[in-house]
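Structures are listed in the sections that come next.
After this come two complexes, each holding chain A, first together with chain B and then together with chain C.
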Partner chain A sequence: MKYLGRRLAHGILLLVGASLLCFLFTDLAPGSFFDEIKLNPQISPETVAALRSHYGLDQPTSVRYVGWVKSVFKGEWGYSFAYNSPVRGLLMLRAGNTLLLTGVATLLVWLIAVPLGIWIADHPDAWSDRLCRGGTSILLSVPELVLVLGFLCLAVRTHALPVGGMASVGFDQLGRWSKLGDLIMHLIIPVITLVLAGLPILLRHVRASMTEVLKAPFVQAARGHGVAKTRLLFRYALPAAANPLISLFGFSVGGLLSGSLLVEVVTGWPGLGPLLLEATMSRDLYVVVGVVMLSTVFMILGNFLADVMLVAADPRIRMQ
Partner chain B sequence: MTSKKKFWAAVTFLVLLHAVIVFAGFVAPYDPTSQNRNLPFVPPTRPHFIDTQGRFHLRPFICQWISRPQSLYEYEESHDKAYPIHFLVKGPEYKIAGLFSAHTHLFGVEVPAQIFLAGSDNYGRDQFSRILYGGRISLASGLLATLISLMLGLLLGTISGFYGRWIDELVMRTAELFLVLPWLYLLLAVRAFLPLYISPMQTFFLLVAVIGSVGWARPARLVRGVVLSAKTRKYVAASRGFGASDIHILRRHVLPHTYGVLLTQAALLVPQYVVAEVTLSFLGLGLSEPLPSWGSLLANLQQYNVLVSYWWMFIPGLALIVFSLGYLAVADAFLKRLQSTTV
Partner chain C sequence: MTAEQGAKRAAKPALVRVKGLHKRYVHRPVFSRSEFAVDALKNVDLELQPECLTALVGASGSGKSTLALCLAMLEKSDAGEIWFEEREISRCAAHELAWLRPKIQMVFQDSAGALNPFFSAAQIVAEPLEVQRRESGRKLRLRACELMEEVGLSADWADRSPLEFSGGQRQRLAIARAIALQPTLLILDESLSGLDLVTQAQILNLLADIRFARSLTCLLISHDLSLVGQVADHIAVMHQGTIVERGTRQRVFGNPQHTHTRELLAATPGLELAFRTAQPGMRT
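This part shows the complex of A and B:
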C-alpha cells in the first residue's frame, strides 16, 4: 500500500516536471501565433501588440506558467488562439476519437498476440516459430507510414472501404445500426495499420517470456503430474511469464493517446494527431502544451497501472 | 550459419547498401534537381534484352517514352530507336564528399532518351537519383542523431552509475521525465517551435540535434545498469587498491563492458531515427523542397492522383524497408553474439 502511495506521489511530481519541461520547450520558440498577421500590411503593429498583450503573450514565462496552472485548476486548460475557445473542450472531443481508434487497435493487438505467442512458444522450432521470427522482423522493418499509405491506396483502388475520415457524408441521417456500421467501415484501415505496427513487438515478447518459463523445472514437474495442456499453459506458465507483459501492458495503455499520430494525419481521422500538427504549424501555444500534457498524463497513468498490476500479480514484489 | 557468420553477413550487406548511398553521385545517372517538364510521371523504364526482331543483345537497351497521343500522362514505348545502356559514362557533374568533382556515372544512355529506373515525378525529375541522394540525407540524419543520443546516454549513464547517490537520483529522475513524455509528440512540438523558415543546412543540424537529444534516456539507463554491475567486480576493487584514478578505472575496466550495449542500441536506434526524420519531412516539418529526403519523396503520395495512379512513387518506402531490415538483422545478430559471449 505504501509502495503504491509512493508511486502515485512520484507520478504527480513527474507530471509537474513534465509540464515545466513542456512549457520551457515551447517557450524557447522564437515566433508566436500572431506572426502571420504581422505580415499583413493592413494591420498596424499596434493592433498586433494589443492582441499579444490581450492574450498575455508579452508577459514573462513564469507569469504565463502560473496563469496556465491556474487555468488548469479552473478546468479550462488554457485558451486556444485559433479556435477561440478553452482548450479543454477541443481536447476532450479529439481525445475521444483517438481513444476509440487506439482502444480498438490495442485490444485487438493484445487479443491476438497473447494466445498466438503462447501457442508459438509451445511448439518450439516448428514452422510457426520460424514464421513468427521472420514475419515479425519484416513487420518491424516496415514503417507505419508506408503501411498506412499502402492500405489507403488499396482502399481507393478497390472501392471497398471509405478513404479516410471518420464519418461518411450524410452520417446524421443514418439509423442507429447503420451509423455503427459506417463507423466500423471507417475504422478498418487505421485499426489494421495500428495492429500490424504494434503486433510484432508484443508477439516477440510473449513468445520469449513464455519460452523462458516453459523451460523451468516446475513446468516439467506439472507435466509429469499429468496436468492438461491448456491448464498448464494458462494457469501455471502464464502467471510466471506475466511480469514483462504487465509492464508492456502499462506502456500500451500509456501510449493510447500518442501512438496514432501519423495514422490519424494520413487517414484524416479527427483525433489528437491532426490537432497537434495544426496547432504546431500555427504556433497555437496552449493547445500544444495541452495535448502533450494530456498524453503525458496517460503515460504516467499507464505506468502506475502497470505498477498496481505488478503488485497484485507478482508476490515477489509484495515481499520487498 | 553460426551467429558469427550471420553477424558478418548482415554487416556486409549493410555496408554495401551504405556504399551505394555514399557514392550516390556515381550510381545515380542524373542530378536530383534537374527537371524534364515534358516527361512528368513517367513509369519506370524497362531495360530490354530481346529486341523487336527477336534478336538477343548482350548489352541491355531501352526505348524512349513518348506521350500517347490525345492523353496527358500516359506513355508508351516508341520502338523506332533502341538506346543501349552504356556503363561508366560521362554525365552531369557531381561532387564526391563535397570536395572532388567528377563526371563518371555508373550507367547512362544517349541524350534524347532518359533512363528513369524508378520513374519520374510531376517535375520530371529522376526518382532513382532522388532516392539515392535523399538516402544520403535521411541516413545521415539517422546516424548523426544516433551518435548524439548515444554519446549523451553514455556520458550521463556512466556518471550516474559510477558516482552514485544524489547524481544518480538526479540523472535517473530526468531520464524518467524524458521517457514519460510521448516521443513523437515532443519531437513535433520542439521542431515546430523552432523557426519555420531557416536554411536547409541549419534545418538539417537542428533536426538532428532535436531527434538526438530527445532520445538519450533509454541508452543512459542501459549504460548505467552495465556500469553498476561492472563497478562491483573484484578487479575494480583491486585496481583501486593499487591506487588507480577514477579515469583509469573507467577507461580500462568499466567502459569496455558498455560497448556491446552501445552497439546494439545503435543498431536499433538508427532505423528509428531515420523513420523519425522521414516522418517529420513527410509532415512538412523537416527538410523541404528541392532537397530530396525519403520523407518529402513520400509526401508526394499525399496527393490523391499520385497515390492511386503512380505506383512507383512508393519505391522510397521500399528503400526504407530494406534499410530497416538490414539494421534489424545486424541488431539481432549482435544481440545473439553478445548473449553467447557474456560472462
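This part shows the complex of A and C:
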C-alpha cells in the first residue's frame, strides 16, 4: 500500500509538472488565435483587444495558468476560442470516438499477440517462428502513415470499404444493426492499421519473455516432473513472463488517447487527432492543453494500473 | 566403499548407458541462408553404475550441462542412444516418457531460479507428487512437510516464499523436491556452486545420507575437482563436447591419461599428488 501510495503521489506530481510545461510551451509558441482575426479589415483592433481581454490572453502566463486550474476544478477545462464553448464537452465527445477506435485495436493486438507469442516461443526456429520474426521485422520498418495510405488506396480502387470518417451519409436513417455494420465498416481501415503498427512490438516482447522463462531452471524442473505442456505454459511460464507484458499493458492503456492521432487525421476519424491538429493550427490554446493533459492523465493512469498489477501479480516485487 | 559393496555394484548392469550421443544447437537468422551451429555433444559414451556417484568434470562450455539435460530428457539429442534400465529412451516421444520422469530428477545450479517464485515452499515440494498423482489434499501437504524436515528444513516454513530462504536452504528445498518422487537417478548440475564452504559441506553430508538411505545413483556435475575428489566413485572428464577420460576416482586423478585431465588437475594443486601418494603402485 505504501508503495502504491508513493506511486500515486508521484503520478499527481507528474501531472502538475506536465500541465506547467504544457502551458509554458504553448505560451512560448509564436502567435495567438486572434492574430488571423487581426488580418480581417472588417474587425477593428479595439474589438480584437477586447476579445483578448475577454479570454484573458492579455494576462501574464502565471495568472492564466491559475485561471485554467480553477476552470479544471469547475469541470470546464478552459475555454475554446474557436468553438466558443468549454473544452471539456468538446474533448469528451472526441475522446469517446478515439477510445472506440484505439480500444478495439488494442484489444485485438493483445488477443493476437499473447497466444501467438506463446506459441512461437514454444516452437523456436520453427517455420512459424521464422515467419513471425520476418513479418514483424518488415512491419516494424514500415511507417504507420504508409500502411494507412496503402489501405486507403486499396479502398478507393476496390470500393470495398469506406475511405474515411466514422459514418456514411444517411447514417441517422439506418436501423440499429445497419448502423452497427456501417460503424464496423468505417472502423476496419484505421483498426487494421493500428493493429499492424502495434502488433510487432508486443509480439516480440511476448516471444522474448516466454523464450527466456521457458529456459528457466524452474520450468525445466517442472518439465522433469512431468508437468503437461499446457499447464507448463500457462501456469508456470506465463505468470513469470508477465512482468514486461504488464508494463507494456500500462503503456497500451496510456496510449489509448494519443496512439492513433496520425491515423485519425489521415482517415478523417472524428477523434482527438483532427481536433488537436486543428487547434494547434489555429492556436486554440486551451484545446491543445486539454488534449495533451487528457493524454497525460491516461499515461499516468496506465502506468499506475501497471504498477498495481505488478504488485498484485509478482511476489518478487512484493518482497522488494 | 568397501570391496564387498564394490563387487556387488559391479555385478549389476549399468543404470544408464550412453552411446555415441550427439547434440547440435543451430541458429538460423531470419533473412539469411547461413546458419550458426555449435556441436555441444560429440560422440559421447558414458555409463553410470547403480548406487554410485559419478562426477562429470570439465571446463565451462564443455557440454556437461547439455549432457545432463539430454540424460534427463529435457533436451532431445540429435543422434546416439541413451539406455536407462535397459530401455532405449533417446527417441521416445514426450507421451512415452511418463514412466521415466519420476525416475530421473535434477537439481540445478541456480537455486533461486530453480524454484517457482509464485509457489510456497510446500507447494514447490508437493508439485511433483501432485503432478504424478502420488498424493492429494491434506496428505500432499503432510508429505511435503515430511520431505522438508528430511532435508533439514522446518515444516513451519512450509508457507514461506522460496525468496525468503537463503541459498543453502533453497538448495535443500530443491533436493526435497527432487527426492519426492523417489527417483533412481539424481543429477546435480553444479548444485554446490555459489555456496559457502560450510553450506557446501552440509549439503554434501545431506546428499550422502539421502544417497545411502535411498540407494540413489548420482551424477554430480562440477568444476570443483577437490570437491569431486572427496565424494565421487567414478569420474568422467569432458572436453569440447566429448568425454575424453573416465574411470574410478583413483584411476583418473591418480593416473590421468588425457592432456585436458592433467590441465584440470594442474589447476588444483596437490590433488593429483594426494591420489598418487594414496596409490603408490600407480605409474607416474
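Going forward, the second predicted complex is superposed on the first by the 320 of 320 C-alpha atoms of A that agree within 3 Å, B and C clash if a C-alpha of one lies under 4 Å from a C-alpha of the other, contacts with A are read in each partner's own complex, and residues count from 1 in each chain.
One rule holds for everything that comes next: a residue touches a chain if its C-beta (ideal position, glycine included) is under 8 Å from a C-beta of that chain, and two chains touch if they have at least 3 such contacts.
As the structure is a computational prediction, the values presented were derived from the model and not from experiment.
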| When the two structures are overlaid on chain A, which partner does A:230 contact: first (chain B), second (chain C), both, or neither? | neither
| When the two structures are overlaid on chain A, which partner does A:153 contact: first (chain B), second (chain C), both, or neither? | first
| said: Between chain B and chain C, whom does A:42 touch in the aligned arrangement: first, second, both, or neither? | reply: neither
| request: Once the structures are superposed on A, label A:84 by its partner contacts, choosing first (chain B), second (chain C), both or neither. | output: neither
| task | Kindly classify A:137 by the partners it touches after superposition: chain B alone (first), chain C alone (second), both, or neither? | result | both
| So which one touches more of the residues on chain A, chain B or chain C? | B
| query | Who does A:299 touch here: chain B (first), chain C (second), both, or neither? | reply | first
| said: Touch test for A:62: chain B only (first), chain C only (second), both, or neither? | reply: neither
| Looking at the overlay, does A:173 come into contact with chain B only (first), chain C only (second), both, or neither? | neither
| Overlapping contact positions on chain A, where the chain C interface meets the chain B interface | 137
| Residue numbers on chain C that touch chain A, as the complex places them | 26-28, 30-31, 69, 72, 74, 94, 97-98, 101-102, 104-106, 108-110, 113-118, 127-128, 131-132, 161, 163-164, 174, 177, 181
| said: Help me check something: in the complex, which residues belonging to chain A touch chain B? | reply: 14, 17-18, 21-22, 25-26, 28-31, 137-138, 140-143, 145-146, 149-150, 152-153, 156-157, 254-255, 257-258, 261-262, 265-266, 276-277, 280-281, 283, 288, 291-292, 295-296, 299-300, 303
| note | In their shared complex, chain A is touched by residues of chain B numbered 173, 176-177, 180-186, 188-196, 271, 275, 278-279, 282-285, 298, 301-302, 304, 307-308, 311, 314, 317, 320-321, 324-325, 328-329, 332
| field | Complex interface listing, chain A residues touching chain C | value | 125, 130, 133-134, 137, 216-218, 220-227, 229, 236, 239-240, 314-316, 319
